[in-house]
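Across the two complexes that follow, chain A remains constant while its partner is chain B and subsequently chain C.
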Partner chain A sequence: MGLQEQYRKEAAELLSSGEVKLVIGYGEGTTADRRRPVFVRSAELVSRLVLDASGVANLSAYLVPEGLLSDGKKVAVFLKPDGVRSINILAAEAQLDPGQVVILGFDIEGGQPTPLPGRKASDYAPLIESLKGSGLSPELQAEADRLEQMGAAERFEYWKEQFSKCIKCYACRQVCPMCYCRRCIVDVNQPQWINTSSHTLGNFEWNIIRAFHLAGRCVACGGCDRSCPVNIPLRLINHRMAKEALDTFGHYAGESADQKPVLATFRQDDPETFIL
Partner chain B sequence: MTRILLNSRLDECLGAWRSAGFSVFAPVKRAELTRFDEVQKAAEMSLDIVMPERTIKDHFFLQTEPLIKYTITKQQIDTEEMVPPERKRVFFGVRPCDASGLDIDDPLFGWDYKDDYWFKRRDNSVIVTIACAKADDFCMCTSVGLAPDTAKGSDLMLHPLKDGRGWLVVPHTDRGKALLEPVAGMLQEEAAETAPVPSIPAKFDLERVTAWLASPESFESPLWREVSQRCIGCGSCTFLCPTCHCFDIQDEGDTYSGIRRKNWDSCSFAMFTMHTSGHNPRNTQSTRWRQRIMHKFNYYRGKFGVNSCSGCGRCTRQCPVDMGITETLQEISNLPK
Partner chain C sequence: MAKIGVFVCHCGENIASMVDTGRLASTISDHPGVAVASEYKYFCSDPGQETVKKAIRENGLTGVVVAACSPRMHEQTFRKACAEAGLNPYMLELANIREQCSWVHTDKEQATEKAIEITRSLVEKVKRNNDLKPISVPVTRRAMVIGGGVAGIQAAIDIASAGREVVLVEREPSIGGHMAQLSETFPTLDCSQCILTPRMVEAIQHPNITVMTYSEVEEVDGYIGNFTVKIRQKARYVNMETCTGCGDCIQKCPVKKIPSDFECGLGNRTAIYTPFAQAVPNVPVIDRDRCTYFKNGKCKICQKTCQINSIDFEQQDRIETIEVGAIVVATGFQIQNTAMYGEYGYGRYKDVITGLHFERLASASGPTAGKIRRPSDGKEPEKIVFIQCAGSRDAAKGVKYCSKICCMYTAKHAMLYAHKVHHGETQIFYMDIRAAGKGYDEFTRRAIEEDEAGYVRGRVSKVFEENGKLIVRGVDTLLGRPVEVVADMVVLATAMVPQPDAKDFAKRIGIGYDEYGFYNEAHLKLRPVETATAGIYLCGACQSPKDIPDSVAQASAAAAKVLGLFSKEQLEREPVIASVSDSTCAGCWGCVTACPYNAIDRRDITDRNGNVIKRVASVNPGLCQGCGTCVTFCRSNSIDLAGFTEKQIFAEVMAL
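Right, the complex of A and B next:
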């Protein structure tokens, strides 16, 4: 039995036993190679679930909208290790109770989905530990290295060209499990702290604010990058910030549900005088 | 006899148009994005794509348009109006759906108030459309009453020749005819066969859809929630749309000086209808998605007699969660009678 069949069966059992109220997974998309998020609430509909190598989106962002988990009931969700790390961060930041999330875990290896047996986020601790510091795909790494080699002025020009394409559609924010703010700083308009204009300066403001808010929180799922309708390589910025958090603080985002958020915590013996 | 333009003479044409005072815009791929931008040579153009990721609307209705500069002193308030430059432009290699989008939006921008920013650009631009030689799974012009070779919104149509040597040239407006004058010597008279127009099967029954949308009970249908469940509430579908035209006015600067701008806005955003009181009449994504569909296929046609959609399919093609107008209209079209 393939993994898709196994998870359809498991989803049906979880739903019919009342263990979960909802299964969030992938379904068929408009074209053969596209998958779209689907929400299954009854065992009769599990045939809508599809699991193959095209199931790349991190579905954990669908767990945070207000009200979904407030009844205390559980939700099952198809997650790769990056998605499990998102669950840990959301738990550490008090956005959800990981006990309400049943993980139907998988990874994609050699163009095939392979099962991951953990059903709870905490089951993934050894796996996440082994992934610590793992990098980008060779192709993206080459691009990241190219940027590192650049001088500051050249790199600034690179990002200026990329950010000048931004249309402030906020797809990067909306698809991101870490962007759960009820009201994003760019949407605060009394006063309007951040210009809404999508000129180059405004685009810099937006993209840099987001990069800083994700420092030490991004799990490199690549959702922002894939969602960007104007092809800005957002993953490269977030990866650079994640590397900074790892090199400076030894922080790998989403290791556990009780991991302290790296930029929202301090030690009393910190050598920096501004801390206390 | 018909007139044809050979690929090999395109650079000469571009040169002649530039000598006649036009800036030439064409689809290009720059910084990993396909879009309309100014070109000097035919070699810069990406004409062999289904369509650029961005629409030509961007060059008529700017993402952010400065309207006035203001300075406030103790004595007085000074304002300076910022009007669009009256630059003559040729848009070469436009897709029929994008050209149609301009035509669809004309009545909106000229209805009770004539929007100079739109019309100054429209009046100084010539739209040279190339009929589509290929389509993809997202194209749906035929479902909204248009076609891969429709001339709506085009000043000049170019129909690709079967042998790939160039295009058959057909002017549709006086502006299109005038654009041929400086290049008359570069066209040739020849009876050439044009390439077949791709067949794009209809994806939904538009009449059924519009009838259902116009019926008052549809407003509260459970369908809206079902079709929009996975919508993440970004604005990519609206910002990539050749006909979406909503905007917001913002003052940028400080108390004493700044610029008033007209910025794109999107009905997908929660902030779009937020009242000062904090009340939001469209407080869920499903009500926002309903608005988008209703606006395009019910309210707009009610006011201007045309649907606010030209079937380019970008809303689905570039949607982060594979949603879009097509699926919703298919669901409506398939509802039991």
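Right, the complex of A and C next:
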């Protein structure tokens, strides 16, 4: 029995026993290699669930809409380790109770989904610990290294060019599990800190602020990258912030459900390299 | 419609010499919303303030910008003037065109442009100011003094004698600090113990003072008027209430050869001990690391000896939480370890000692009962060489500053030696003799003229041992030739440096320190006993090297500041506080974690039936200090700070 069958069966059991009220998984998409989220509420419909190497999206973002979890009932969700980390962050930031999330865990290895046994976020602590510091995919890492080699001016030019493409569609924000604010700072217009027109300054303000808001929180799921209609390599800038948080403060986003936000806490021995 | 008055101050020449104040006033008078703009030599003077008041009344001003010095200097002055003219005092802004402009620039043209920008930006801000009312908070009228040296003792006694409660916290088993170690004190040569002990006793017997020895401050929370301090009282293993201080246990303790810190290692103590005979409180402590019972589980001789059963091996550290309104930091200093001068042989030759060792040798209660004896063989030294500035004023190896007391105590040592060993000879190598102070120069003259102290101006390059003597090689810079002196003992006037944990301690209680670890005062000249943290004061050698008269004077000054604070039951606080927008708060609690004053709580928003719809952050106005940390943290931009609202700051920035 393939993993898809196994998880369909498990989903059906969870639903019919009343253990969960909803299963969030992947379903057929518009093309053969695209998946769209499906929300299954009854055991009869589990055949809509698809699990193969195309199931890359981080579905944890679908858990935070207001009201979904407020009845205290549980929801099962297909998650890769990056998704489990985002569950931990959402829990640490009081956006959900991890006890309400049943994880149908998997990872993709050699073009195949492979099962991960943990059903609770806390089961993943050893796995997350072992991933700490593991970086990007080889291609992205090569690009990240190339950026690192550049001088500041050259790198600035690189991002200027990238950001100049941004059309302010906010797809990156919509897809990101960490972007759960009911009102995003970009929508504040009294006063209007961030220019909303798509010119270089406004684009810079938006993308840099978003990168800062994800510092120590991004789990590198790649959602923003994939959703960006103009292909800005957003994960690179978020990964750079993650690296900073790890190297400087030993902070790996989503390690546990009681992790403290890296930018709101300090230790006495924090390096003060930025104080001149 | 905004009617803003702008008042450009010359500050004598301070501003006018670098900023064209006339041009500033005339340019700004054309800015939209500015009703009047004038300039004057000193707006902070009485006639200057009158001008401001008159302009407010006559023009019905809605806001005032004084382009002058830093708000730290005169914000209060002009707020008062506004209030007297009937304008809400928070409708005033100070445009700092002195510290941030005229003082730091050299090009008048550019400085004037900048001054115009600064002023314009504050005009835009003040247009968006709102009437605010100060907040009243209660004051806990109890003080904590941290450090029980002479400075801390004096501060505690002064506050207590004015009728306020004081908790005096000392980490050693006894109060007294360094002064308890000194023999006789300059500039009067009175016995240190004789003048200190009565103060120590007064402190412990004072009905308003609680002395907590062997105790350390673990955590300080809160703010001026309302601090919460967590204190760890280390286990003494002796019952403080019942012990009479008879000392039988000390007599019987079999571990006798522990070098005593108080005696600078020149004498020994037992495992159960009081650091010195006049210790206050006179209750011994057990040194857990050296006690045979704690090491091997066998002994308890002290317990068997104690007639009243005061030894308690089961005692545990106790944590106490104390509410106080003000804190005086008096944690003192230590002397620098002079081993960094390999050429002086400190640590290598037993007879090369520090000034503090000499104090113990000269002290009647010291290990030699006041007789000057060489540590190596107990012989009376015939010749002593003193080396001043051993560490001080030496940017390369020691510290850059002058330790201030060493010239004086070296002269004192030479005198004491002359009084005790009549045929003894002294040579003092010095860079300068710094003896400024009442009776100080007279004191060093007396050492030279009456007690024949031999001063040699110059530095020592090397000290080495030969045939049981110390050979001191140096140079006499007045004669311009090398000298070599054969001595029996060498005394180093080592630098006064901060406590080893000074920086950590400062971080723990939230005060600033300089590059060395001496604590920073709020203003070196005008606020020398306050720290930048309101409600925390300084005295004694923790701030800078100091002798006893200075430490004591500063202690009384700090006490006066505390008593001033305690003179009212309520404290007026700036109404600069944060508030959260319920509709946009995402309830991430980042601000709750970030707030250094624990001023943010979680609040449920319920519907009419009492069902929780949402939980949001909520600022407690009594606790908020207006630091703005939460504002910068909040990703959804849901927090704003009264007096520094986003609209105000935005307008300020956009006006540049």
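Here, the second predicted complex is superposed on the first by the 266 of 276 C-alpha atoms of A that agree within 3 Å, B and C clash if a C-alpha of one lies under 4 Å from a C-alpha of the other, contacts with A are read in each partner's own complex, and residues count from 1 in each chain.
The rule we apply is simple: a contact is a pair of C-beta atoms (placed from the backbone, for glycine too) under 8 Å apart; a residue touches a chain by one contact, two chains touch by 3 or more.
The shown structure was predicted, so the numbers you read here are calculated from the model rather than taken from an experiment.
Trainee: For the three-chain model obtained by superposing on chain A, do chain B and chain C clash or fit?
Mentor: fit
Trainee: Between the C-alpha centres of chain B and chain C, what angle is found at the C-alpha centre of chain A, to the nearest 10 degrees?
Mentor: Reported to the nearest 10, the angle reads 120 degrees.
Trainee: Decide which partner touches more residues of chain A, taking chain B and chain C as the two options.
Mentor: B
Trainee: Just chain B (first), just chain C (second), both, or neither: which does A:T30 touch?
Mentor: first
Trainee: Of the partners chain B and chain C, which touch A:A94 in the superposed model: first, second, both, neither?
Mentor: A:A94: touches chain C, not chain B.
Trainee: A:K120 contacts which: chain B (first), chain C (second), both, neither?
Mentor: neither
Trainee: Figure out whether A:L263 sits in contact with chain B (first) or chain C (second), or with both, or with neither.
Mentor: A:L263 contacts chain C only, not chain B.
Trainee: Which partner does A:Y180 reach: the first (chain B), the second (chain C), both, or neither?
Mentor: A:Y180: touches chain C, not chain B.
Trainee: In the overlaid three-chain picture, find the nearest pair of C-alpha atoms across chain B and chain C and give that distance in Å.
Mentor: In this superposition, no C-alpha atom of chain B lies closer than 5 Å to one of chain C.
Trainee: What does chain B use to touch chain A in their complex?
Mentor: Against chain A, chain B makes touches at 31-33, 53-54, 63-64, 137-138, 229-230, 232-236, 238-240, 248, 250, 252, 261, 263-264, 266, 269-271, 316, 318, 320-324, 326-327.
Trainee: What residues on chain C touch chain A, complex-wise?
Mentor: Result: residues 504, 507-508, 583-584, 586-591, 593-594, 615, 633, 635-638, 646-647, 650-651 of chain C touch chain A.
Trainee: So in the complex, which bits of chain A are touching chain B?
Mentor: 29-31, 34-39, 57, 61-62, 161-162, 165, 167-171, 173-175, 187, 189, 192, 195-199, 202, 223, 226-227, 229-231, 233
Trainee: Mind listing the chain A positions that touch chain C in their complex?
Mentor: For chain A paired with chain C, touching residues are 93-95, 180-185, 188, 190-191, 193, 213, 260-261, 263-265, 268.
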